[in-house]
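Chain naming follows the written order as A, B, C and D, and within any one chain the residues start at number 1.
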Amino acid sequence: MKRALPILAVLVVLLAAIAVANPFFLEPAGFLAFLKRAAPLVILAAGQYFVIVSGEFDLSVGSLVTAEVVIAARLIDGDESATWPVIALLIVIGLLVGLVNGVVTTKLRVPSFIVTLGMLLILSGAVFLWTGGAPRGALSEGFRVFGRGGLGPVPWSVLILLAVGAAAIWLMRADFGKTLMATGDNERAAALSGVRVDRAKIFAFMLSGLAAAVAAILLGGFAGVSAQVGQGLEFSAITAVVLGGVVLGGGRGSVLAAMAGAFTLEALFTLLNLYGISGALEFTVQGVIIIAAVAAGAIRLPWKFTPRKGDAHAAS
Amino acid sequence: MNQLVRVRRPAGRGEARSGLAARLREPTQVVFLALLGLIAVGWVLVAFDGGQFLTMESVVGIQQRSAALGIVAIGQTLAILAGSLDLSVAYLISLTSLVAAEIMAGQDGNILPAIAAVLAISALVGLVNGLVITRLQVHAFIATLGVALIIKGIVDHLYDGPAGKVPESFQLLGYSRIGPIPISALLWAGVAVVAWFLLSRTRLGYRIYAVGGNEEVARLSGIRTGRVIVITHVLCSLCAGIAGLLLASRLGAGAPTVGTDGGYDLESIAAVVLGGTALAGGKGGVAGTVGGVLLLAVLDTIFNQLEVNSFVKDVVRGVVIVIAVAVYARRGMRRSQ
Amino acid sequence: MLSMRGIGKSFLGVRVLSGVDLDVTAGEVHAVVGENGAGKSTLMKIICGVHAPDEGSIEIDGRPVSFGHPLDAQRSGIAIIYQEFNLLPERTVAENVFLGREPVRRGLVDRAAMEEATARLLDELGEDSFGPRDPVKRLSVAQQQVVEIVKALSIDARLIVMDEPSAALAEHEVELLYRLIGRLRERGVAVVYISHRLREVFDLADRVTVLKDGSRVTTVPIGEVSSDELIRLMVGRDLGTYFPPRSAGAGEVRLSLRAAGNHKLRDIDLELRAGEIVGIAGLQGSGRSELAKAIFGAEPFTAGEMTPSRPRSVREGVAMGIGLVTEDRKAEGLALRQSVRDNALLVARAVGGAKGRNGVRDLLERVRLSPPRQEQEVRYLSGGNQQKVVLAKWMTMAPRVLLFDEPTRGVDVGAKAAIHDLMRELANDGMAIMMISSELPELIGMSDRIVVLRDGRIAGTLPAGPTEEAIMRLAAGEVA
Amino acid sequence: TTDKPTTATQPAAPAASASQSAQSAGTGTQSKFFVQADFDAQLAMRSQTPEGPSDKPWEQAIAPQMTDTAKYKKDGPYHLCFSNAAVNNPWRQVGWKTMQAEVGLHKEIEKFTALDAEGKDDKQISDIAELQAKGCDALIISPNTTATLTPAVTAACGKVPVIVFDRGVETDCPVTFIKPIGGYAFGADAAEFLVEKVPAGGKVLALRILPGVDVLETRWSAAKVVFDKSKVQVVGVEFTDGDAAKTKSIVSDYIQRHGKIDGVWMDAGATAVAAIEAFEDAGLPVPPINGEDQQDFLQKWKDANLTAVAPTYPTYQWRTPIIAALKILKGEEVPKMWNLPQPKVTSENLATYLKPNMPPLHYALCGCEDLPGFPETWGGKKG
């Protein structure tokens, strides 16, 4: 919680600025709409957080989201009865992709940047190879309800977000989270304390894959099938996590802050939109803010490069 | 008090491994061997398909296709060797292609000012990347991603389509060739030779390896590591600027999406690691990168000849890149045992 | 020529040096001695511009200087052989030697000149087992040490700092080093020489400065002290008095090895008993750490027997009730950015044991962590307190066997005594303890039995309280 | 040697001829892509009757000016080559399949070589160069961008008969340029519908995919002309990147901000359903809207009984280049500018275009129903 304070403060300021420009934002419906829109990115950021805090990257989530939506559409093909089996399958696929990322990273010792870059290419190629280039089939109403519908006034995605957020916070407080954090901080020390570091990292990748599956269900539900649904989400998710003060290289930062980072990013987009910053310059503002936020965080702390692995001679 | 004497350890590992077999196991050689293998496979496949593989045109095509990526990848090699990386090259290419074409405005007389402006802007972007990384201590991934977004915003704000006009004389850069060798390939070769020279014959090159190999060791040895990283980023951006010029000459105009459509950011990184340069820095070189780029280009040519669709290409590329790096990683592990 | 006044330095709030004065004159060999962690290396790093002092001033030839970067020191004619290796494994010997100072001709690095100069320096040192073009990653530790020396010599320096240059050298290489230092002295070069081997200090030095707990005790001409006096100055008290009393006797066998071995170790026969502290002695590289890691399961035995069973992984070792306090705390023992509590609970969490979780506070009090602030990140603790956290980490699972590898390296005197007390207390509670230490007095003071290793084999076992000589003889393999 | 055309006579950039007469009222300054003459011509073409078989609109041409091709006459069998810009969206996917099926119809085509530029200008330039060396009898080009591909196309013209379709190039060297009437007609069709259905003073939201693409720019500039002359109020022009989620968010934001939106204009139909859903999710009736001939939109239109129109940019135009190539090689004359008819889907003819067994992103005007492999090849189900 303490670690999340700076980003929460920024978030509150942004939300206040939005409310000034758009009073509707203060009404429950307006705020819920914001939460609903932010939900997929926040969930992805939570998943990405696990990977980053363990000292790795996951660049494959964006194309995984696209692949999941396209797969869902083709398999469901408008058939209501296929909804639940396909949702289960999507989750399995998400976990499986994470498993492969994790195993190749830890067992074959390929840097995760490359593994997940390769996975990005493979997923985006394979899924369209399978569907012949463009999405086909259709999602069922039952599938779409998670992204569109709600329980009374509260959108399902907000409820799912709350559940995912709570689960992520719980996981990080549990043994898994603590050992994962130690792994990201000092892999060797963790291994010599009996932590199964490879397994912890693989699990982190699987959580990221799972988050991508959930985000895909929400995004597909929200707006239907599209081939671009996941475009650029990997960078947004990493940006959100970093914005939350989580350090690339591992071992530092809280999942709450990572999720707050995602909300902040989403609030920033909303705000830029509201104040009519040209769609294009939005990116410029975003770039400046990301650099500034990370620089501010880095300069306050006595920051050091993470020790490079594999130089056996540094220790005497 | 440590009163025990350290005994001399056997110099066991020093056995000379300078034989041909050992040389062939170096990543650079591996990538060129793979290249030869791929050409052989391509030959067979295309022959089965009833085509002819390495015709004059396809050889020219391979060179034309790989020139721009090759130049960017050379720059990226420098950044990665220094332990950094640059995700802003794609947008910088778009920006510089526009700057070049806008300033040239179809006039021969404007070519030199345009080149100067492109190089100046590239150097400036590289300087910003380098300073953000070293002075503001932002991780290279985030720093260059942020700069990429900034450039993207500016380009998208100012341009909504191809703009400017490159004079005929400058288009020769993109289209002329001497026999089977396009000028663009010569430009690429030139950049590669300069980079190779820089890395193997100048102090700066030695320092790049040192900083990428172990920043602390480099610092303790009296190297101003921050300066090296900044210069490396300037050089990397200059390469992107040169690629921007080349693309402008090929397209006859500047285009705001030419860099991103080409995927020059991630693809250049892929080519570099494919060439055996370690993503962590300090190990590898330009020759491997040239091999990596050619490998991707030959792969493309084979796909082109066999008319395989682009989705298969993505899958194969992804698999090739991961397998290549896994092979290098295994090699490294075996050696350090 | 070099004059340092009132140098003070703290790391993360821990005072490492305070008010240190040091004067070195041209042509002098000035030895600096002191216990592990006395601050010798830190002082040297200040001379060489690696660290900036928090207080105090440095003058060279009467002119005040302040080094912001190692380069500044180099330019003032100061070279250093670091205690830790500072080489790039991927580059060649010549490239490492001239790193950052490559000779250039017409703007280009003159490889030939560089390799020639390196070859000449290697020649002077009588080193012919490798050449300037060999990549450093293929060299042995001793050969790498030679490269470090050559690297410092290649700077035409007026002051050369040597931080334990001989630690990894063989006898004849040390001889060559002596001759080299003699020649440097003739040329008027000043040498600051750090070594734990007092013989070398007496052989080489003109004057000696003693550091203790970050302060200067004294500086004297070498002729005015005896070896015993010097030790007393360094340790500051009578040796042997502060070790806790030994236990009455050993209990049941907790762990036994029969002809155990792996790639580094051969034919190890060893028994660890409840209530007993077994000391392990040996030269650097004799396989002591390997032995501990093999028993623990981190680098498992591949041959022989181990009862109750032979662990094949760390987790199996932990499950058998074995704990390992590693020799390099920062690299292998702690997750420095995590809290004291999280580090203390790491083992319990990793193996899923429920024990000790609620009693972390009690545990931290038991290891005498002072003050026991559970939420503080461990990197802000002093070396001694960090080591106590490592201890607490293992105690959460109440191990039956605890292996200590250099448990007091870089730990100050107070914490050292506390750790010693604690080790004995644990033994008295029935734990079997194995302790590796390079500090013979400590080993002699603590152990109920000392096993000496040589080249991965047991060279002999000595009963409680042997002389240092007896250990040395076994360790070095001199036939008695 | 050079692969570069030596022609120095390239037509002036369209910007130069941009009409000054277009008002800059209401929705801001007119796009630099706007060419008054083309605008007028396209709007006129809408009411002209095309020549050719009415059951095969891909063979029809509006007001054709035939060009002689005798010099290209050649005996079969033929080797046709195709440089494709990309197959990266459903429209191009449907078109590409249609083209391949069309090739299958003709025995005299011995070989059909196609290269996919994957959306990269630079690759397409190389592809075109490479294809020229493959002994093609005719080269079909679907350019990735207009301006940047012009030199490459010009170069190819010197060696083989070139057929360009979809996007144009800034040279008239190709034997024929095939396209539907065009973007102005599309944009105007949709805008005129909205002006008719939306009450005076009503708020219209215009959704565009992205700036800078000529075929899309013309759609908006035509709509702009129509809107500026009308009494409806365009409350916003937004770019959606063709992203359904973003479209839905933008529409929701506008509904929130303005309370009510009375009409939605779109420059492409891919995200029309997302826009409709934004109204549904807000619990509001869907206002008059335009989409395109994609099945999901047509289905929604029918199910929700919308007030809608769907101008089209027919995918059947992918058949025409093959037909044209064969005509050229046989020495038959072809229109220099082959303007294909560009029908629009209205409530009246909706039923004929809605094909429930086709995938949601299928384009109804593929003209592929009579081709072998239909409907499976296009992802549809039999029955």
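Annotations for the structure displayed:
We adopt the following convention: contacts are C-beta pairs under 8 Å (C-beta built on N, C-alpha and C of every residue); 3 or more make two chains touch, one makes a residue touch a chain.
Being a predicted model, the structure only gives us computed values, none of them experimental.
Listed by label, the chains touching chain B and chain D alike are A. Across A-B and A-C, it is A-B that has more C-beta pairs touching. Centre-to-centre, using mean CA coordinates, chain A is 29 Å away from chain B. Remark: chain C and chain D have CA centroids separated by 74 Å (rounded to whole angstrom). Centroids of chain B and chain C (each the mean of its C-alpha atoms) stand 43 Å apart.
Those residues of chain A in touch with two or more other chains are numbered 133, 279, 311-312, 314.
Among the residues of chain C, those in touch with two or more other chains are 87, 89, 167. Taken residue by residue, chain D touches two or more other chains at 87, whereas all remaining positions touch fewer. Because contacts link the chains in a way that matches no line, ring, star or complete pattern, their graph is best described as other.
By the definition of touch given earlier, these chain pairs are in contact: A-B, A-C, A-D, B-C, B-D. Of all residues in chain A, only 175, 178-179, 181-182, 185-186, 188-196, 251-252, 311-316 touch chain C in the complex they form. Per the touch definition, chain C reaches chain A in the complex via residues 83-85, 87, 89, 144, 167, 296, 298, 314-315, 317-318, 324, 326, 328, 331-338, 342-343, 345-347, 349-352, 393.
Taken together, the chain B residues at the contact with chain C in this complex read 1-14, 17, 201-203, 205-207, 209-210, 213-214, 216-224, 282-283, 335-336.
Contact residues of chain D toward chain A in the complex are 87-90, 93-94, 96-97, 238-239, 241-245, 247-249, 252-253, 256-257, 270-271, 273-274, 277, 281, 296, 359-362, 379. For chain A in complex with chain B, the touching residues are 57, 104, 108-111, 113-115, 117-122, 124-126, 128-129, 133, 235, 238-239, 242, 247-249, 278-288, 290-291, 294-295, 298-299, 303, 305, 308-312, 314.
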